[in-house]
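Each of the next two complexes has chain A plus one more chain, namely chain B in the first and chain C in the second.
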Partner chain A sequence: MADRVGTAEAVARGGAAGFWHAWLVRILPYAVALLAILAGWQLSALLFPAYLIPPPRKVFSRLIEELGRPAFLVTLGRSFYRLAVGFVLASALGIAIGLLCGIWKFFRRAVRALVSILQSVPPIAWVPLFIVLLGFGDAPIILVIIIAAFFPMTVSVMNAVEQVDGLHLDVARVLGADRAQLVAKVYAPAVVPAIVTGAQVGFGNAWRSLIAAEMVGGVNVGLGWFINFAGEIADMTAVLAGILVIGLVSALLDGLVLERLKRRLLRWKYL
Partner chain B sequence: MEVPLNARSRREPWPKISIEKLTQSFGDLTVIDRLSLGVADGEFLAIVGPSGCGKSTLLRVIAGLAPPTAGRVRIDGVDVDGPDPRRHLVFQEHALYPWRTVYKNVALGLEIERQKPEKVKRKVAGLLTLVGLEQFAKYYPHQLSGGMRQRAALARALAMEPDVLLLDEPFGALDAMTRLTLQDELLRIWLDSRKTVVLVTHDVEEALVLADRVVIMTTVPGRIREVIPVTEKRPRDRGSASLAALKRTVLGILGIEPVIGNVRVPDTNFSI
Partner chain C sequence: MAVIRKAVWIAAVAYLVAGQAFAAEKLRVAYVHVFDDAPVVIARDKGFFASEGLDAQVTMFTSGPTLVKGLVTDQSDLGVLGFTNAITWAAQGADLKIIGKVQEGYHSLVARNDRGIKSLKDLKGKTLASQAAGSTADIVLKGVVLKSAGLTDKDVNIVYTAPSTALASLRSGRVDAAFLFEPYDSIAKASAPVTEIYEIGKVWPFPCMVVIVPGRLTRERPEAVKKSLAALRRSMEFMKEKPAEAARVLAPSFMAEEGLAMEGKTIAPEEIMLKSLKTNIFDWRLGKNDLSRMEELTGVMKTLGILKEDVPLSSVVDLRWQTELERQKR
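Up next, the complex of A and B:
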C-alpha cells in the first residue's frame, strides 16, 4: 500500500524527476530482496565447501557459460514451449468456462463443486497417471500445466462474473442485447481485471508445476530435468544456475510481460 | 420560445402507455397495488412520491425488465413482454460502462442492433453535439463530471430513437446547478422530439417545471394519490407564483408542510 501511495504521489508530481522517483519506488524492493538473497547465499558459501554451496560468482559465470551452449538453449526453449502451450490452453479454457458459468446457473454450481474437489490435488500428483495414459514426452507435462493454470483462471473469472453490476446488465437488456451480446459486451469486458489476476496466479502455478513435472516426468530435456540431472551428478553449480534461471525468468515474465499486458488491457482504469 | 401544449391533439385511440390494475410484489411485500394509469402519446408525465413507494419498480415494469405480478402494461395496445430498444430506461446512477469511452457508450445500442459503422459514427457524432459532449468523445466515464455522465447516458438513450423515454431520477445525484441546466436541456430535447416521457423524481420542482401532469404516489404499497395537471406554458418560470402555489399543493399532499416555526420557506429548492 505504502509504495502504491508513493508511486501515485510521484506521478502526480509529474515530469522526469517524478518518473525516476516512481521507478525507484518500484525497483527498490526488488533490489533489497535480491541483495538479501545474495548476502545469505554468499554467507552460506563461506561456511560450506564449494562443492556443496558454490558462491554466487561461480554460479553466475556458469550460467553465462551455459547460455552460450546450444544444448542448454534447447532445454530452455523446450520448457518455454511446454509452458506456453499449457498456459494458453488453460487460460482460454478457464475464461470460457468462467464466462459460461455467468450465464448458466446450474453449470456454475457444477463447476464450483468440481473445483472444490479437484483444486486441492497438487497438479504434480497426476504425473504417474498421465505418463501411463499418454506416454513419456511433452503431453503429460503440458496436461499438468493446464491443470495448474486452469483453476485460478476459472475461479477468478467465475467470481467476477457473479459480481457484474446488475445495472450494467439491465442497460444492455434495455438496449436490446441478447444473451450472446450480454456476454460479449458486458460480461467479457467486466471480467478483464479478473482475467489478469487469474493469469498472474495461474502463471505462477504453471511455472512451478512445469519444473516439478520435468523433474519427475521422465523427460530428458527441459529446465526441471536439467536441475534434476545436475543433482544426480552432484553438480551443485548447475543446480543453482538452474534455480537462478527460474527465478529470473519468472520475475521478468511477470513484471514485464504480464504487468504491461495488464496496463494495456485495463487502460480505462489507469487513465 | 412559447410552445403550446398539444399532446392532446396527437392523441391516438389508445393511450401510448396504458397500465391496468398493475400489482407488483416481491415475496410478501406488495410494492405496487392495483395501479392504473394512462400516458398519452407525446406526453411528459412526472411521478413523485415518498422513497420506496414503487416508482422505480413501476418504470422497470414499463421497461419490460420485470414482469408484472398481476395486471398488465400495454404500449400502443400491445402487452409488454421484455425489454425493447424503442422504450428506453435511463437509470438513477449513471450506468455508463467504465471500460467504454463516451463515444463507445453512446454507440453501444447501435452496435447491438448491428448497424453499419458509418451510420453509427454519424449518429453518435450528432448526439454528442446535441448533449454538448462532442469534445469528450474519447474520454472515459470516470474522467467526466456527474452531469456530463448523465448527458452521455441521455445521448445513449436517444440513439435508440425510443418513442418512450423512461427516466428514473436521472438528475438525482447531481448538484443543484447542474440539475437545472440538465432539466432545461431535457426540456429542449423533448420539445424538439415530442417523445412520450415518464420521469420519476424526488424533486417536486423538477416535476412541475417539466411535466404535463404530475402523478403523486402513496407510500408502499404504491397507489396513485392524486394527479395534478400543469397547464402553464413552457418554458416555465421556476419562480412564478402559480408554480410556487402548485408546489405547496403537491408538498401538502405528500404531507410535507413547507413551514418551519414561523418562517415560511416555500421558495427554497424543497425536495423530498
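Up next, the complex of A and C:
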C-alpha cells in the first residue's frame, strides 16, 4: 500500500525529482535492512575471535577475490542452473494442477488431500531416497527444488480457483464456453495474482532447499557444497562469503525479477 | 554442650571438604558417531570415566568438523576426532592441542564386482562415494590413495555423502565404489557384491582419530586431561583384552538391534562389531611414526590448498600426559 502511495506521489510530482523519490522509496528499505545486518555482524565480529566470525570487510574482499576465480563462477552457475530448471518445472506443474482443480472437483479433493499429507515433509528429507532412486548428480537436487516450490504454487492457485466468482463462470457457460475455454478465459486470468504470490513463496523455498540439498546431496559443485566444504576446513570467511552471495542473489532475483514480473502482470493494481 | 556443638561443626566442615575432594570432576566429552570412536563409547558404558574420577557428559556428533566447533567455542572440553580438524583450526588461530591417539585410519576402498575395478587405477572415470569433502578421510583419499595410483580427484567422480547413503548407493549400483570405515566396511562386504581393493590401514597406516582438547583445558585443568586420557587408555586395553565383551557393549550404539539381514540369514550385531574390532587398530599413544605421518599429511593438506601456510606440529601436539601415563605404567 505504502509502495503504491509512494509511486502515485512520484507520478503526481513528475520529472526528475519524482523519479528520484520513487527510487528512494524502493531502495531505502533494502539499505536500512542491509545496514542493520552489517551492524549486527560487525558487533559479533568484535565479540568473537576472527577465526569464528570474520569482520564484514574481510568477507567482502574475499567475495571479490572468489568472484574472480573461474571455479567459483562454475559453482554459482551450477546452482543457478539447478534452481532455474527446478523452479520453472515446479511453477508450470503447480499452475497446471491448480487450474485442473478448478474444473474437476474430484481431482481437487484428491490433490488437496495429497498436498496436506506431503507438504509438511521438509524437501531435504527426501534427499537420501532420491539419491538411491536417481543416482548422484543434478537430478535429486532438482527434484528437491521441484517439491519445495511446487506446493506453495499449487496451494495458491488452487485456493484462487476456488474463489473464482460463480457468476463469471455461469456467464461463460451461457455463452457456450467448454471446459478448456473456462480454464483459459475465466480461471487463468483470475488466478494471476495467486500465481505471483505462489511464485514468490515458492522461490524462497526453492532457494533454501537448493542450498540445503547441495550440502547433503553428494554433489561436488554448487553454492551449498562451497559453504559446506569451507566449514569442513575451518574457513569461516568463505562460509560467510557464501552466505552473503545467497542473501544478495536472493534479494536481487526477488527485487528485480519477481517484483517486476508482479508489477507487469498486475499492472492494473499499481496504476 | 559447647564441646558437642564444636564437634558437630568440625564434622560438618569435614564432610563438606571430603565431599568436595571426592566429587567427580565434570568433563564435557564429545565424539563422532563412527566406529573409530568406539573407545569413548566403551569408556562411557563401562564406567571408565567415572572410575578415573570424571563425571563425563558424553555427547555424540555426526561429523568431526561439527564437533570441533564445540571445542573452539568452549562448548566441549574434549573431543575424539580426525587430527586434520585440529590442524585446520589451529591454522586459523584456534588454540587446540592433540594429547593422544585413539585409532589408526582404517578405511577400505570397496568396489562393485560388476564394474571391472581390480585396482586403484581402474577407478579412472568411475563414481566413488566418500565422506565429507575436506574431512580427514577425504584428504587421505585425494592426497594418498588416489595419488598412489597416479590419479587425481579430476580423474574420479567423487560424490560426498553420509556412509549409510554410500552403502545404499553401492548396493543399488548408483556408485561404482566407496571409501568406507567400520562398521560400514564390514556391512558392505557382508551385504553387497563388492570386493576390497585397498585398505589404507594396511598400506599407509596413519593416526586418524586423536584426542583433542582446547589449550585452555591443558593450562587450567591438567589433572582432568590426564584422567580423561587414562580412561580412554583403559577402554582400549579392555577392547584388546576382551573383544567379545567389547563387541556386546558397542553393538547397541552402532547397529540395529535385529542385526543385518541378508539372503535369508541374519548376522548378529555383535558379530559385525567383532569383525570391525579385528580390522581396526586402537592405541592411545602417539609414536614417532605417527608424528611423521601427521607431518606428511599436513604437507598433503597444503598441496590440496586446505592449508595456506605451514602449521608446525609442535604447536598443536602436547604429549605431556601421555609421557606421564607411560612412566606410571612402567
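Points to keep in mind about this one:
Going forward, the second predicted complex is superposed on the first by the 254 of 271 C-alpha atoms of A that agree within 3 Å, B and C clash if a C-alpha of one lies under 4 Å from a C-alpha of the other, contacts with A are read in each partner's own complex, and residues count from 1 in each chain.
The rule is short, and it goes like this: a residue touches a chain if its C-beta (ideal position, glycine included) is under 8 Å from a C-beta of that chain, and two chains touch if they have at least 3 such contacts.
These numbers come from a predicted model, not from an experiment.
For the composite obtained by superposing both complexes on chain A, the positions of chain B and chain C are free of clash and fit together. In the superposed model, A:231 makes contact with chain C only, not with chain B.
By the touch criterion stated above, A:218 is placed in contact with chain C alone, chain B being left untouched. In the overlay built on the shared chain, the residue A:136 is in contact with chain C alone; chain B does not reach it.
When the two structures are aligned on the shared chain, A:181 is found in touch with chain B, with no touch to chain C. Once chain A of one complex is fitted onto chain A of the other, the partner contacts of A:107 are absent, as it touches neither chain B nor chain C. In the superposed model, A:23 lies in contact with neither chain B nor chain C. By the document's definition of touching, of the two partners only chain C reaches A:51; chain B does not.
Once both structures are fitted onto chain A, a short way to say it is that chain B and chain C open up an angle of 150° at chain A, using Cα centres and rounding to the nearest 10.
When the two structures are aligned on the shared chain, A:60 is found in touch with neither chain B nor chain C. Between chain B and chain C, the minimal CA-CA distance in the chain A superposition rounds to 50 Å.
No residue of chain A lies in contact with both chain B in one complex and chain C in the other. By the touch criterion given at the top, residues 63, 65, 83-85, 87-89, 91, 93, 95, 97-101, 108-109, 111-113, 140, 142-143, 156, 160 of chain B touch chain A in their complex.
The touching residues of chain A, when paired with chain B in their complex, are 165, 167-168, 170-177, 181, 185-186, 189-190, 192, 268-269, 271. Partner chain A is touched in their complex by these residues of chain C: 63, 65, 68, 72-73, 85, 88-89, 91-94, 127, 129, 132-135, 158-162, 164-165, 168-169, 172, 174-175, 306. On the chain A side of its complex with chain C, the touching residues are 49-52, 128, 131-132, 135-136, 216-220, 225, 228-229, 231-236.
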